[in-house]
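Here the chain labels run A, B, C and D in written order, and each chain numbers its own residues starting at 1.
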Amino acid sequence: MKTMSVAGAFWEGVKHVFKKTFTLKHPYQKRELPDGYRGRHLLYMDRCTGCGICAWICPEKCITLVPAAEEKAYPQNPEGRFPQYWYVRCCFCHFCTDYCPTGALDYTKDYDLAEYEKELIIWSPQRLSKVPEGYEGYRTKFHGWAGVNHVPSAREE
Amino acid sequence: MRLAPGVWVGSLRDLIERVFGAPPLKQLVNWGRIYSLWPVHLMTACCGAEFGAMMGPRYDPERFGMQAATGSLRQSDVLIIEGTVTKKMAKRVKVVWEQMPNPKYAIAMGDCACSGGLFHDSYSIVNEVQKVIPIDVYVPGCPPRPEALLNAVIKLREKIRREEVYSK
Amino acid sequence: MSTLDLNVGPQHPGSGHMRIMVRTDGDLIVEATPDIGYVHRGCEKIAESRNIIKNIPMLCRPNIADDSHLNWSYVAPIEELQGVEVPERGRYIRTILCEINRIASHLYGMSIMAGIFSGHTTMYMFGFGDRELLLDLAEMLTGARLTFSFFVPGGVRRDLPKGFKEKLLETLDHIERRLPAIDRIFVSNPVFIERARGVGILRREHAIRLGVVGPVVRGSGVRCDVRKDAPYGVYDNVDFEIPALKEGDSLSRWLVRFEEIKQSISILRQVIRDIPKGPIARKSPIVVPKGEAISRIESSRGEINHYIVGDGSDKPYRVKMNTGSFKNLSALPFLLKGARIGDMPIIYGSLDYWPVEADR
Amino acid sequence: MTAEHSAIELDIAAIVREQLGNATQVKVDRKGRVSVIVPREFARDAAVGLQRLGFDHAIAVSGVDYRSEKRIEVVYFLSSYSRDDLTHVVLSLKVQLDRENPSMPTLTAVWESVNFFEREAYEMFGVNFEGHPNLQKLLLQDNWDGPPPMRKDLKIPELA
């Protein structure tokens, strides 16, 4: 009896030799991530008003509002201040995206942010506003819960 | 090292370093290092779950010669700091790092290891792990996806490929 | 009699780290003292300085293999204090995510137990492979693999995406087909049974006295589960059983977890069949009203409680997390006493101990 | 008190009131939640009485620092495995202590499961549990020299 079950266990392993491999050949073969995956952020600079609610709700103070080093003026953002992400702190909870009142932030499927130097992981507004490949506007499909939640009118901090 | 022309008085070690540091053999040695990166399983905090997933079947780093964590520090090459390093643990991380043989590399995995992350204002953690040990690659994410960690390993391999043989 | 003191850890190949100071006589353990706190990050203190929304990601991190249960346990007392009731669809979605998480967490624990503590690499690969499929489901629903931060006071953050139901049923079918294979290769494999049977016996009365929770106490013959005793979510609408075994050894604790996977599959099928239409969240203010509340949630490592005291501001006055692993810790010195050194990994692994959760 | 309270909570409240007399305040908060406030001297007696009633293990022990009221409250959350009709009840046994010098008799002799919880409360709030078998540091780093961290005295520093 015992021998039989040991043999059964072995057979179970041997069977997998003939099955389709589960392993992805990673750098060459990538898994398609679902829409709404919470990767790095995408900033629409023409929608951002610089209100700072994203920096207020961020649990780890990874967002700072910085003046954008850009010639072009944005009429909706008279002070010209945009969020800058320090990705070594970001936990990808995307509360900032859900709380953004003008929809200036969005999800992307980028997750590959590794660098040799820590300073390189600071993402300026310009870098954030670069649209990734194959992007098709995910946020429109996800009506965030913030739509039904209470967003403070005046910032408390 | 040379006193007079044609007379070598350096140690044998110097000679070996010169021979292996030169281009054709250097590439061979670095190639060997790239394909035998054995990690230490030092699960300092929760990112270890994703380290386990990376070692799992879908991503399988053995394709890069990265053997599943063996447990012995004395035969490991790369230390992956998997998450928060607390003050209580920092001392032990240093002990682990010192026990590893040269050449050795370190990857800081996750926000907490890089900068403190969600716990950056806590009373009991070390915010920047590079104050404890030198770090080669930083992987942000909370926790990073296994693919992101794998990409970091590939980045580390590129770094090793460019490196001098006896730099460490 | 001369004894020898051994330090096991804090760096050891097991999942996470803690130090166990073991006093041995030959290879018999005379006394074992766990030294924890290597992952103590001060969650409770930080929680007092951030508002309740900011606390959500942070208070889930202690156990990322079991993120959704901690999340629910944290938001439940806040909802109780605020008097906000979660809409029915929201509760159904929460239950779905929690049960997916429970299966994934048990598979994770099983793989770690097999691959690292008993040198059974095939089960490690099986468990992690099947777990990936469940994480794909969670990723589809919440947008993150492990750290969902998905439950907020008042409901959940997203509705079920298109095609989720079909994919869930497909994955459940797959997992159900895989369970006999896992059974053959690991749970009823004589190689494992020989190592785990009769090792680390925790009798019913000891389990009650030590106050252990979850699969550990159910493996000792106490048929208790918060999902039945004090139902939350939609657990009073679904039909399921609580597996319990009376042997109390390491093997029975794993058999209980294996049975729980089957029960979770059955719960998921019922929940996805009955899910009603409607809103997923209600409005809730960012404030913790004056008062105090404690939640009870059955996570995959046992009952967890969050005790929250509010003072009327947007930050909680006090958050106390009581996690399953911390409660099960009291069983570890008890079980190790009198065991052999060689059985230590099996006993430690059978508790499915998650050090980060215990240290907070 | 509303009709939705099942009888068992009211029963427990009545029995506790009877056993411990006027020194305690007993309240049924809602279904499944009963709270008992006892002074420090009666903590041990209350524990023994509750254990006899069927509350056989503690699910949590928490300290709370009420700084403005100058007291520290130690809350024992109790539940039962052995009595089926009590499994849905969480009874919170609150002991109120002086903030300057908090100290109370340990309850490890009554419930073994509070051992680690009491050690944690000792470390985090500085509550001295008299007669605890192993009252040592549990979670903090070896050379911690600040105040007990969960007290409101310790402020979290603002970082950039």
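What we mean here is this: contacts are C-beta pairs under 8 Å (C-beta built on N, C-alpha and C of every residue); 3 or more make two chains touch, one makes a residue touch a chain.
All figures in this text were calculated on a predicted structure; none of them were measured in a lab.
**Q** What's the farthest chain from chain C if centres are computed as the mean of the Cα atoms?
**A** B
**Q** Calculate how many whole Å lie between the centre of chain B and the centre of chain C, each centre taken as the average of the chain's C-alpha atoms.
**A** 32
**Q** So, what's the distance in Å between the C-alpha centres of chain B and chain A?
**A** Here the centre of chain B sits 27 Å away from the centre of chain A.
**Q** Centroid of chain B to centroid of chain D, CA atoms only: how many Å?
**A** 47
**Q** Multi-chain contacts in chain A: which residues touch at least two other chains?
**A** As it turns out, chain A has residues touching two or more other chains at 22, 59, 61, 91-92.
**Q** Scan chain C for residues touching two or more other chains and write them down.
**A** Residue numbers touching two or more other chains: 37, 40, 42, 45-46, 49, 57-58, 129, 147.
**Q** Specify, in ascending order, the residues of chain D that touch 2 or more different other chains.
**A** Residue numbers touching two or more other chains: 140-141, 149, 154, 156, 159.
**Q** If each protein chain is taken as a node and each touching pair as an edge, is the resulting graph a line, ring, star, complete or other?
**A** Basically it's none of the tidy shapes, so other.
**Q** In the complex, go through chain A and note every residue touching chain C.
**A** Residues 2, 5-6, 8-9, 12-13, 22, 33-38, 57-59, 91-95, 98, 107, 142-145, 148-150, 152, 156.
**Q** Using the touch rule from the top, collect the residues of chain C that touch chain D in their complex.
**A** Contacts found on chain C: 36-37, 40, 42, 44-46, 48-49, 207-213, 217, 222, 224, 229-230, 294, 296, 303, 305, 307, 309, 317-318, 320, 322, 326-327, 329-330, 359-360.
**Q** With touch defined as at the start, can you tell me which chain D residues reach chain B in the complex?
**A** Residues of chain D touching chain B: 140-142, 146, 149, 154, 156-159.
**Q** Flag every residue of chain B that touches chain D in the complex, lowest number first.
**A** The touching residues are 86-88, 120-124.
**Q** Quick one: in the complex, what on chain C touches chain B?
**A** Counting only chain C, the residues touching chain B are 10-13, 15-17, 37-43, 45-46, 49, 57-58, 61-65, 108, 111-112, 121, 124-125, 128-129, 131-132, 135, 145-147, 356.
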